[in-house]
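Chain IDs A, B, C and D follow the sequence of writing; residue 1 opens each chain.
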Amino acid sequence: MAVNLKTALGPLELDHPVINASGTFDVLEADTVLEEDLFARFPFAAYVPKTVTLAPRAGNAPPRLYETSAGLLNSIGLANRGIEAFIRDDLPRLALLPVPVIASVAGEATEDYGVCAAMLDGRDELAAIELNVSCPNVELHGRALGLDPAGTHRAVSLARESTSKFLIVKLTPNVTDIVEVAAAAVDAGADCVSLINTVHGMVLDPWSLKPVLGNVTGGLSGPAIKPVALRAVFLVSQAVTAPVIGMGGVTTAQDALEFLAAGASAVAMGTASFRDPLAVTGVVAGLAELMEERGIGSVAGLSGAAH
Amino acid sequence: MDAGLIPAKLFECQVAESRPVGAYRQLALVAPEIAYLAHPGQFLMARLAGPALDPLLPRPMCVHDIDSDLVKLLIDPVGKGTAALAEAEVGDRLSVLGPLGRGFDMEGEGPAVVVGGGIGVSPLLLLTRALLQRGREVRCVLGFRNRSQAVAAGLFPGAAIDLLTEDGSAGRTGLVSEPLPGCLVREEGNPAPEIFACGPDAMLKAVARIAADCGVRAQVSMDTHMACGIGSCQGCVIPGPEAYRKTCIEGPVFDTRDLKWQ
Amino acid sequence: MAVNLKTALGPLELDHPVINASGTFDVLEADTVLEEDLFARFPFAAYVPKTVTLAPRAGNAPPRLYETSAGLLNSIGLANRGIEAFIRDDLPRLALLPVPVIASVAGEATEDYGVCAAMLDGRDELAAIELNVSCPNVELHGRALGLDPAGTHRAVSLARESTSKFLIVKLTPNVTDIVEVAAAAVDAGADCVSLINTVHGMVLDPWSLKPVLGNVTGGLSGPAIKPVALRAVFLVSQAVTAPVIGMGGVTTAQDALEFLAAGASAVAMGTASFRDPLAVTGVVAGLAELMEERGIGSVAGLSGAAH
Amino acid sequence: MDAGLIPAKLFECQVAESRPVGAYRQLALVAPEIAYLAHPGQFLMARLAGPALDPLLPRPMCVHDIDSDLVKLLIDPVGKGTAALAEAEVGDRLSVLGPLGRGFDMEGEGPAVVVGGGIGVSPLLLLTRALLQRGREVRCVLGFRNRSQAVAAGLFPGAAIDLLTEDGSAGRTGLVSEPLPGCLVREEGNPAPEIFACGPDAMLKAVARIAADCGVRAQVSMDTHMACGIGSCQGCVIPGPEAYRKTCIEGPVFDTRDLKWQ
């Protein structure tokens, strides 16, 4: 049986269902450092750069990383050079990638979502815009908009009014009811939801017993959170009509298979790329094998099989 | 600096030797490409090959020494990642990404003062060999917590060595910052001495201050937690004079003037 | 230096800071199965039986367990023989334990919290009552009361009116703001809060790709959730004046040390007892060693060291 | 039933032998107390000793065989827990809690029909030996997916064996439920035959039905996911006629009449 790995997120056609998670693969750096010619053969089916904000952000004070049991805690703090530098310096280079590019934006103020979306709307280099609603919001004293349905609705509405691009909203799992937030995003005009962002956590230095991270708390990712992510994808994909991008701990082909079965139309790999920057290649090949073994001919035939 | 332009690759390589060096463990990996390409001060991201998820991520490990096809690591097992690597047995396979980062700039002319603290001596062995090969005068100032760590000083060949321990159980008692200023006196008509250092943060801070005071150049190899090693995660930053700098691709070796020292 | 491991939760004096987490150690069964004489030498500093409800509950359909990366997903569903059987059959035997006994109760209806607390109030065998507010609530169509501050406040108020026993409220982490819920519990009269209960998650069968658990979703425990728990303990212990019992992934002495440093006055071990039913013994001994190494003479001197 | 009254203990024991048995792996552990105490059908909770947290929990493993001080396990590596056990090498240490659970009641008199499916043959070897020792007539009906699994049938000594595989690569083609009724014919004046079975759920369900149809007693060893093995977690339950039953302490061996079969 020939397995067809092609999948679609609305108008975005992807050669296979595995993309990268924002903030975990910097193609411009990786192409310099790694031997592979990533612009000739890009292993992910779409490219999502690190989240950008209106103004540049230095990010949180180091240390920013700590490994936990089967997980990684980080507090990068959305370090980025700002949307103007992104448009000016990065976009022209990213346009050379052989896959769709999905910009990720976040707002420190609610209206930033509208402003950023407007700035990206005319850019042909971009196939879609992902809204990261987990940015500390200044009006909310650092609380993220994405932590409640109303805040999410506001941010998404502003972006929706400012762009006709395919609009993805990336959900945080740190809420009582992620389905409610997903519904608000779709209600406000999101074309697609991606989930999950990292789970709130903290680590102490084993010796000094003080918080390790400069920012005290951080976000947990990796295999440790896979069950949390899988549940969220399973519930959200049944509750909203928009396609879902599933992520959170995807490390093996079996993981990708399960996220698709849980209801995702595509999956993203984050932390696993730190284990091996080209792990995606093995995941895509392995996914085809697992689908073949199970007699599943297409991603559409797999997506939601667990429901 | 002349390192960091060589493309990195992912390798699976076999452990050919494992031996204790006092409190540390030295592993020799069969890794001809890295042995051929790596520059002193560069590092690898290394973990046991295979699907086990705890430890999850590779750990940054300096290229400690090179012996024809073998690349050697020197490991201080301080946590679960380093412990897992230190327990690798002959025949086990490691997954290794490298060579990574910018190594030491060895183009200077003056006498080299190589300063190591604890496991920070790891990259300094290959460096010392390379400096000697270039005909530079090398003096090593190596500090350790105790006698068992100080065994690593015995690895250093052919250079003058000042050995110190904090507990006085080997060499002189004290910290490397104490004898260091005395090693930096510039001889009439000769180029200024230059520092190459790797060790705990507090030691590197002292080195930076002493270098500034004595007006000599110092290159230091910085230790931070890393997730990717290739510039993707922004997790490894340290403060520079203006902005944060990524240790993995802008370092790990920095000129002390390019960093911010509180 | 002699390390003093004694700690107190209000009037409850504990010989050391490690107790068991509800639902993870059944002393009546374990005493029959294991060689150890648990009634002569009980390794935990207090004993918390499995949560009981007013009416018996059969619990969820099997399968009820699945191991994840460094975690365990369960959906036991509060299987228990009901509070009457507990009072009649179990309490007299538990009274023979050489440590304080803390009953754990949950309500399927809000008023059950008051009714159960009243039933236990006069029982001298009990040193305290723990309210598990994560029980599926019939009035809320299966949603747990503990998922919002108001629901928690109602349940705790009813219990508080019905008992003068030391009242512990066990918090769920599946909320947007656990500090807010903790504050509501204390405001309603809780003497102590314990946290965290399990984190919502799901697993699929690797082959059939259907949910493994009979109940579809379940609760994640074990080392995977330790960073989530540590953050919650760190934040809650700084926000409320009541003492905190910390739990979630405590497996080693180092873990216990960290939860105490994060602000707990005692810690509970759950999943780790499944790895080894007497793991607690090593944790207590190891904790004393770690405190000695760090020059910390008492639990009071350690508690909150991370703040 | 006469088993399950022996107190269980936590042991660390060493792997003395490891050998493949077709698709399975047989480990021999040095565990004299368990070797002395364990009853056929009882199990252990076993994991690699040490602090590694993935796999996190021990896995239930039947006592497969006993040879003086050695306790043998037969392992089918279906997932990460069983794979980790199957990869244990001679000299490695396992953490083992046991013996646990209620084993097979061997007090009956009639001819024993021992029915195994796949890795379910594991506890049946010790059982068969014990039944033969008691002078009971034993007939084994052993079914496997394929030839590579069927190698395990070769472990069974001295009893009459019906061997079946699903793919026909060894023995007869088919499922154990097909020849089973034919083995249950009661001979005039003799006590009724009795079934002892272990295998996949679907097989045990068929066994329960056949036993009921033929009016013979059947004891089955049930497989469920377990966390604690000692009655603490309530995770291992299966439906009984009235209430759920804990497989770890009320089983794993049940009379089929004490369970509910949909």
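By our rule, contacts are C-beta pairs under 8 Å (C-beta built on N, C-alpha and C of every residue); 3 or more make two chains touch, one makes a residue touch a chain.
These numbers were taken from a predicted model, which means no experiment stands behind them.
**Q** Which of the two pairs, B-C or A-B, is linked by more C-beta contacts?
**A** A-B
**Q** Find the geometric centre of each of subunit B and subunit D from their Cα atoms only, then give the gap between the two centres in Å, rounded to an integer.
**A** 55
**Q** How many angstrom between the C-alpha centroids of subunit B and subunit A?
**A** From the centre of subunit A to the centre of subunit B is 35 Å.
**Q** Return the distance between the CA-based centres of subunit B and subunit C, expressed in whole Å.
**A** Taking the mean C-alpha position of each chain, the two centres sit 46 Å apart.
**Q** What residues in subunit B touch two or more of the other chains?
**A** 53-54
**Q** Listing for subunit A: what residues touch at least two other chains?
**A** Within subunit A, residues 69-71, 206, 222-223 contact more than one other chain.
**Q** Looking at which chains touch which, would you call it a line, ring, star, complete or other?
**A** Basically all the chains touch each other, so complete.
**Q** Quick one: in the complex, what on subunit A touches subunit D?
**A** Those residues of subunit A that touch subunit D are 69-70.
**Q** Considering only the defined contacts, which subunit C positions touch subunit A in the complex?
**A** Residues 68-71, 73, 147-148, 174-176, 199-204, 206-207, 209-211, 217, 220, 222-228, 230-231, 234-235, 249, 254, 257-258, 261-262, 294, 302, 305-306 of subunit C touch subunit A in their complex.
**Q** In the complex, go through subunit D and note every residue touching subunit B.
**A** Subunit D reaches subunit B through residues 52-54.
**Q** Under the stated contact criterion, what part of subunit B meets subunit A in this complex?
**A** My answer: residues 7-10, 47, 51, 53-58, 79-81, 95, 97, 100, 224-228, 230-239, 243-244, 249.
**Q** Which residues of subunit A touch subunit B once you look at their complex with the stated criterion?
**A** 23-26, 29-30, 32-35, 50, 58-59, 62-67, 69-72, 74, 76, 79, 206, 222-223, 251-252, 271, 273-278
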